[in-house]
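Input: structures, listed below.
Below, chain A partners chain B and then partners chain C, in two separate complexes.
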Partner chain A sequence: MTRPNSNRTGAALPLACSGLALSGIVVLVLFILYMTFVPGLPTEPGFTLNHWKLILSERLWVTVIPNTVIVGFGAILVSTFFALPLAWLLNRTTIALRTTFVTFIAVIGIMPGFILAMGWILLLDERIGLINLTLSGLLGVDSIPLSVKNSPFGIAWVVGVILTPAIFFLLAGPMRTLDPVLEEAAAVAGFTPRMTLLKVSFPLVWPGILGALIYTSMTAVSMFEVPALLGAASGKVPVLSSEIFYAVRPGGPLTASFAYGAAGVYGVLLALPSLAALYFYLRILARSERYRVITGKAYRPREFDLGNYRWAASAFVVVYLLLAAVLPICVLVWSSLLPILQLPSHEALGKISLRNYHGLLESVGGLAVIRNTAVVVVSVALLVCFNSFMISSVVVRSRARFRKWVDVLAMLPHAIPGLAFAFALAMIGILASVYFPVLPLSGTLAVIVVAHIINRLPFGTRITNTALAQVHPELEESAQVCGSRHATIMWRIVCPLVKPSLIYLILWTAMLSFQEVTMALFLSGPHNQVLSVAIWELWDGGSVGKASAAAVVMVGVMGTLMFVLLKTNIRPTGDGLGDGRDSN
Partner chain B sequence: MIQIKALRKYYWSERARINAVDGIDVEIAAGEIFMLLGPSGCGKTTTLRCVAGLETPDEGEIRLGEQVVFGEHGQVVVPVYQRGVGMVFQSYAIWPHLSVFENVAYPLLHGRFRIAKSAVKERVFKTLSLVGLEEFADRPAPLLSGGQQQRVALARALAYEPKVLLLDEPLSNLDAKLRAEMRIELRQLIKRLNLTSLYVTHDQEEALILGDRIAVMGRGKILQIGTPRQVYGRPQSEVVADFLGSANILPGSIVTPANNGNGGSVTTTMGTLKCALPMASAAGQKLTIMFRPEDVILCAVNSSPRENSFPGVVAQAIFLGGRVQCEVIVNSIKVCGEAGKSETFEAGQPVTIEIPRHSIHVLL
Partner chain C sequence: MERPRRFDGFLKVFVVFLFSWSIAVGLGLRNSATRPLTVSSAAMAATAAAPGKGKALLDELVQKARQEGELVATVQSSWNKALAQPLGETFNKRFGLNIKVTIANMRSAQHFPVAIAETQARAPATYDVVQGDDAEVMQLIGAGGIQKIDNWETLLAEINPMIASGKVRREQISSGPFRQLGFLINANVKQIVYNPKLISEAELPKNHADLADAKYKGKFTQPPWTAHWEIAPAVLNNFDREKWLDVVRRAGRNTAAVLPETTGVQRVALGEFAFALAQDAYFRQVLSQDPKAPIAFKYFEDYNERNSNYYGVRTGARHPAAATLFALWITSVEAQGIWQTSEFSAVPHGESKIDKEHQLAIQNAKARVVGFLDNEKTIELLKWYQTEEGRKYLDGMTRAIRGE
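Moving on, here comes the complex of A and B:
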């Protein structure tokens, strides 16, 4: 008999905190919808359906939506091409250097997407790409017409390579929990290893695979920074996310005017398929109970003996690592050492200097930017941790009837692109600056912090839900009986018990907040620039060398943090989540 | 000391209301060890949790000493942390991030039962010595054996010297031998400290050994309250008889009513039995009789016929170490009996069973 725990005493703080956070989410979602009916700025009166007429526009159906679909499906194809073999090789076979490879994939998972995209531009661009230059030199032609830029397929390739770690970690679970007894039974029944793989193992893990694909496709289509760098910003390859951005932040050549309502419509268009995908994802999760591949007994997954193919398999992993990180980052390092990007040569080696690193602080905007970044990263990490903990203590610990809905609401920002939330926040900021000048929103760090918090709550609450569910309710009840109040119990008993999960959550959130560029850029003003935005603007302004240098510094910081995290072995209690980038 | 009146607690399942506790009345005297015994889901733990304050009842009244901790139709609800009871949980609920000392010191440092900081150490060691754990004070809690964890849980519940101790199946996670030892030890300790205890268990042996009085529960109601001897020897219903030990239960009807203390006779499918009957009984009246397996006397065939003896055939004989448990078919009825360990009965062997008149009990 399961007994709902807790009772009427205490727990006002968790309710208040989760109420505040979740009503914020609801207000923002409603505000996005409201904006689609407002003619101009939210401060202006009127009501219009004109924005919704955009849905019928030719540009949307001939360019934007096909591009978005190509990017979404293409990215999934690319990342599945890498992630599926990787997940199998690194979880179920006798591949060499397994732990090292997994560590590297985890580090790639945390690398800022826009920086990798910058690396890819330097590698594969018709005009400046080092690969193009090398090949054209070898073949003796003027240029190689192959580029990641200005093509939806190029965007799909880069997004796919970047999202591979996310799918990899989502697949690792089902791969690892596949009970070898089921495979052994097939072997006994006379199946060859290959038949077993196709007829037994694959059918058993496919719900997990499908779930991972749907989940990641949501991330792919709502990603802004990579498409923007690779052609959306120039208006050549517009996708839905870039339409939102440039409707409100003109700067692109196509939209010279503000179109706030339009941004809302695009946001809705982007959120609808994501909501549908989330719904299917949850259904697959529920249905996969039927496919439960864990039998509960202790076992070790049987490892497929690769035999002589071991090194071929390792080579495949190495190729992925090269493409995903080593090449883009190496080219960034190379470019950061040169005044103008050129192929490695005797002459180029002579020009190598650290000039781009001198005065780097000045070029990214001085100490103010560093301070802004620190403020955002630290406060987002701590507040996400605090709020997730509070929401989880309502979801996991209270017996309120609405607790299921609290959980659904906390998941909602996962289905709605961060850009849409940033848009709503920007509009509310404009409203506030007119009607509540005391409320510092427009162009402040606070508005970026709020956007990041909302965006990270789904991930945060997954971690804290699992952590809290593993603290036996009697551990809290015994403290109550011993005469402690709710707050004391939270502080003295529960927090120390879930500390590893909280630290894990704080560090991950800090890293993801550090590398986030889309929302910070969208909400940026003259006084709230953070490092990622500064790098973006250096690149945008054509200072490739300086941007590369700053990017190298950022990657260095992220990589170091990530290795520390992995080496100190901080794990959340009860794993089962990917790397968190996948909650866009 | 503990008074529970007309206590009710409901849960809502998917479809219907479940009466987890369905009108319970109990009065527990100071210094008494009171057992709530019943199968899982009978409402015993919910009752205990209502007393502790971890559940809020829907109706009824609970008093601890003179204080009403729940009552006035839910107007008075004293929160858990103010009730001042000691409680030992089934899972022990030892805080794994604290040492033994810190676990026991927790109630003395934080919350309502705080004492002067300087006195904490002495009190903790005094409490640990009660359960024989002084030497383990610095041990991190997870590095203790099950029995030691159980003692820490007890020490923590006793540290702030509560008047009332609540125990929720405290011994159910221990292995059989340790459990047997702990029963005696626990009873001695509680008696020595003169604590009023409410003790929940599903283990009938534990209830019989530890309790001053036992309340047998089923489906949210109390079926019978009494001393261990009363409840075991004179169960009032089949459920109680069956739950406390094993029992042979036979339906029958009265042939000869009671007659001036000479007893009467009852006919059952097994045969006609002589036994004590209530004075107000009449011939033909239907009733149920019960007798315990250990009261059945088994002998090899051909012993001289005596009162209440019947011929039968052994269906199964199971050697249990200290005794032999036999199932005997008598007139196509299965009767359970017990024999000494030196007896050698085998399946198919003809035997005579005898049920002494005084061991037959009429269920109402």
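Moving on, here comes the complex of A and C:
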């Protein structure tokens, strides 16, 4: 059948938008690569391999890479230990207080990493750790030599706990959309519930699990603030992400100039394992159709009755939430009530006040910071949604031969640390202010928006790819037969069908953008400061109480929004962010 | 008539796209040219008087600043953000201006590389006037990132009453390699801040080299910057560069955590570390927040670096006249009265309560406090750090702090 001209015109918009967004990514990646071979600023002449020679040292192979591997794999191990049972319990069983639990897990995902890491130092440290102090008191020993600091395993534990929500939410969809017919057949064949779980359910969601693990492992190795706080910044446990940070953000007068090339080299080194992981991730996605046993008409979710294990299951969820959310939040609230951070004691209780909450708005930079934050959050959320939808239209709906490459390019930013992109954007901003002064990049909100869009596109396209793939093409074909044009079909048929996914994407991107620090900090100037940076600066500047108060407010607002979001049943098509109700 | 309706959907989406983009881009644009320029009656009156050369120069500068209409300045990242408003308002009031003043917190170690990159690329400066310590400002001067202020001595006398009255000499504000370029605002002394509940004064290291002793392993924190170590070559007798690097490296391996000083002091008060290498201002800051906090301070016996902070006007500043006024005004007692109440840094030649206590503490302890502008040897060292060899040495020192 020959498509009408208008359809081609309609399909041109997704192509044009995808091309624009992806060419930006390609330019930045090439820029990062190029910088590794020039001696100074990219505008200066010369070619050098010195950056590579300096960095590919013995220390890199003996210390940095092994630490990164331990942190990456360890974090995935810890995350899987918690996320897999949590995803099953909260999506496929009759466990109580489901929405409340899911809300708490979501709140962990939006809490700034440095605050969670600080919470863990207060919990598990040989000298001041509350867990250590309690245990040593009970056992009658001087100290318990257990700490999350200065050990790659300690870092892996904290990163793992922090990344659990990411795996949980990535697994929630496959868990909820699992065809119950196969499980029922297994039950008929005499399988016990446990055997059904191990031999039927898990094998069916295996591609989803593996994909989630690979995707999250890429996040684990590029995470900076948590390893930095727990030992990387001190040089005790250097990892690739901390090395890149110190290459682009020098800490002393020696490096009053950037190690321009070094930043690029570390970016490439971090990207290599991530690209390998990306390759396997895409292969798994390509093969996942073999496992697609969901048929729309027959699909109806079935929940396992946990019976006597109900309380044990609840206890497991509660223990995780205590470790990952409740205790760090308690630490935050506690420190927000004190003039300076100190351990709980009778004396400390006497110092409790709401002083840190007074004049909080002024302390974070006033209304301008709130306005900037709102502009960034809203712009990033809408633009990520728009661009993701356009890219997915090409990947999922078009017959273009290069559509797989479009998907790969859209995923590429996840393989490269955000800081490398921020660094490249900062340099491009400086150069643009000389050669294209009309382009408002350097020191503007626009540069932060661009950095966030690039960083969130992989997440956005995962959501929109899945959503579009689940809308059967028959609907569009019927509309085409009726004479509707491509643009009309997308707007009037496809968009309403995937609306929950798009709203979910907008809200989740907004929240992630709200709490992002590293890139915004690097790109911040006098006119574009956002709230997360202001809180980090308060923390970094020693105003721990004020920073905690601001973080408590931030987490409170975000937690409430998340709760409302889950209560109103907004979730992506086929995903399982809870079902919007408690089953108690 | 069907055609336009069919494109409605994508048009709507596209409008959303353009709208959100234009908000982001639009808010990023700085359009100072459209700001109304108002001339206050006080400024008009001041301009009318103009008896001497200084007055005339100042009036001319004020007039230019008024035409520029804006000023973008940095303050130290640890400074209270709430200071921005009173500083801006008082600055405007002092010169009869009504310009938009943006004062942003910025860690100089983070921004100075950007400033140097801007200078190298000949790009306009992000900030008109910047603050940094001796070594940082020296790097920026070396890269051509700071511009000279013409007639600075006359202007300073006109703006800072302490200079006019002769209580403070001009050289105390700007001298040596910083003459005409960098203007002193305050100075902090690098020392030991400790938790008396965890370690007694007698147990603390006496000299910097003691930090390499295994008995201090895991007991202290130090910052990633070199301010505690870098002045040693000009201070210690029979100094050997390689041996000193080794001392720093062994001390780095003993360090429990490399943290910014302000965070380090907080964690000492928390009881996590026994002591921190930090400056006196953070000690005062913590005590102001909690007078019962378990912290005390001690000077090293070999030396204690006086880390001075300066303001300099950026090369390529968009508002150079306003920046010049700010760089000179911030040295005054009027400005000090605003920032010192919350930041607790001392002014070496100052007369406030904090300044006097600071001077008395050094005097009573007979501490050896040395700054980079104190003598020829220290100035030479500062200049040497600008050379390729000096930079490499500092590079090694920074890595040694992290135990590498």
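In this section, the second predicted complex is superposed on the first by the 386 of 584 C-alpha atoms of A that agree within 3 Å, B and C clash if a C-alpha of one lies under 4 Å from a C-alpha of the other, contacts with A are read in each partner's own complex, and residues count from 1 in each chain.
Rule of thumb we're sticking to: a contact is a pair of C-beta atoms (placed from the backbone, for glycine too) under 8 Å apart; a residue touches a chain by one contact, two chains touch by 3 or more.
Everything numeric in this text was worked out from a predicted model, so none of it was measured.
Legend: residue contacts after superposition of the two complexes on their common chain; A:488 is shown touching both chain B and chain C. When the two complexes are overlaid, the chain among chain B and chain C that reaches more residues of chain A is C.
Legend: residue contacts after superposition of the two complexes on their common chain; A:442 is shown touching chain C, with no touch to chain B. In the superposed model, A:378 lies in contact with chain C only, and not with chain B. By the touch criterion stated above, A:94 is placed in contact with neither chain B nor chain C.
Contacts of A:434 after superposition on the shared chain: chain C is touched, whereas chain B is not.
Shared-chain residue A:362: touches chain C; no touch with chain B.
Of the two partner chains placed by superposition, A:136 touches none, neither chain B nor chain C. Residue contacts after overlaying the shared chain place A:470 against neither chain B nor chain C.
Legend: residue contacts after superposition of the two complexes on their common chain; A:314 is shown touching neither chain B nor chain C. Once the two complexes are overlaid on chain A, the chain A residues touched by chain B in the first and by chain C in the second are 10, 484-485, 488, 492. Contacts from chain B toward chain A in the complex involve residues 11, 40-41, 45-46, 49, 52-56, 77, 79-87, 89-91, 93, 95-97, 106-107, 110-114, 153, 156-157, 160, 166.
Contact residues on chain A toward chain B in their complex (touch as defined above): 1, 3-5, 7-10, 472, 474-475, 477-485, 488, 492-493, 496-497. Residues 6, 10, 13, 40-41, 43-44, 59, 121, 125, 127-128, 149-150, 231, 233-236, 238, 246, 249-258, 338-343, 347, 351, 359, 362-366, 371-372, 375-376, 378-379, 382-383, 386, 426-427, 430-431, 433-434, 437, 440-447, 449, 484-485, 487-488, 490-492, 495, 522, 525-529, 534, 537-545 of chain A touch chain C in their complex.
Per the touch definition, chain C reaches chain A in the complex via residues 3, 5-10, 12-14, 16-17, 20-21, 23-25, 27-30, 72, 74, 77-82, 84-85, 102, 104-105, 107, 109-110, 112-114, 116-118, 120-124, 126-127, 133, 135-136, 138-140, 143, 223-227, 230, 252, 255-260, 262-263, 265-266, 269-272, 282, 285-286, 289-290, 292-293, 385, 391, 394-395, 397-399, 401-404.
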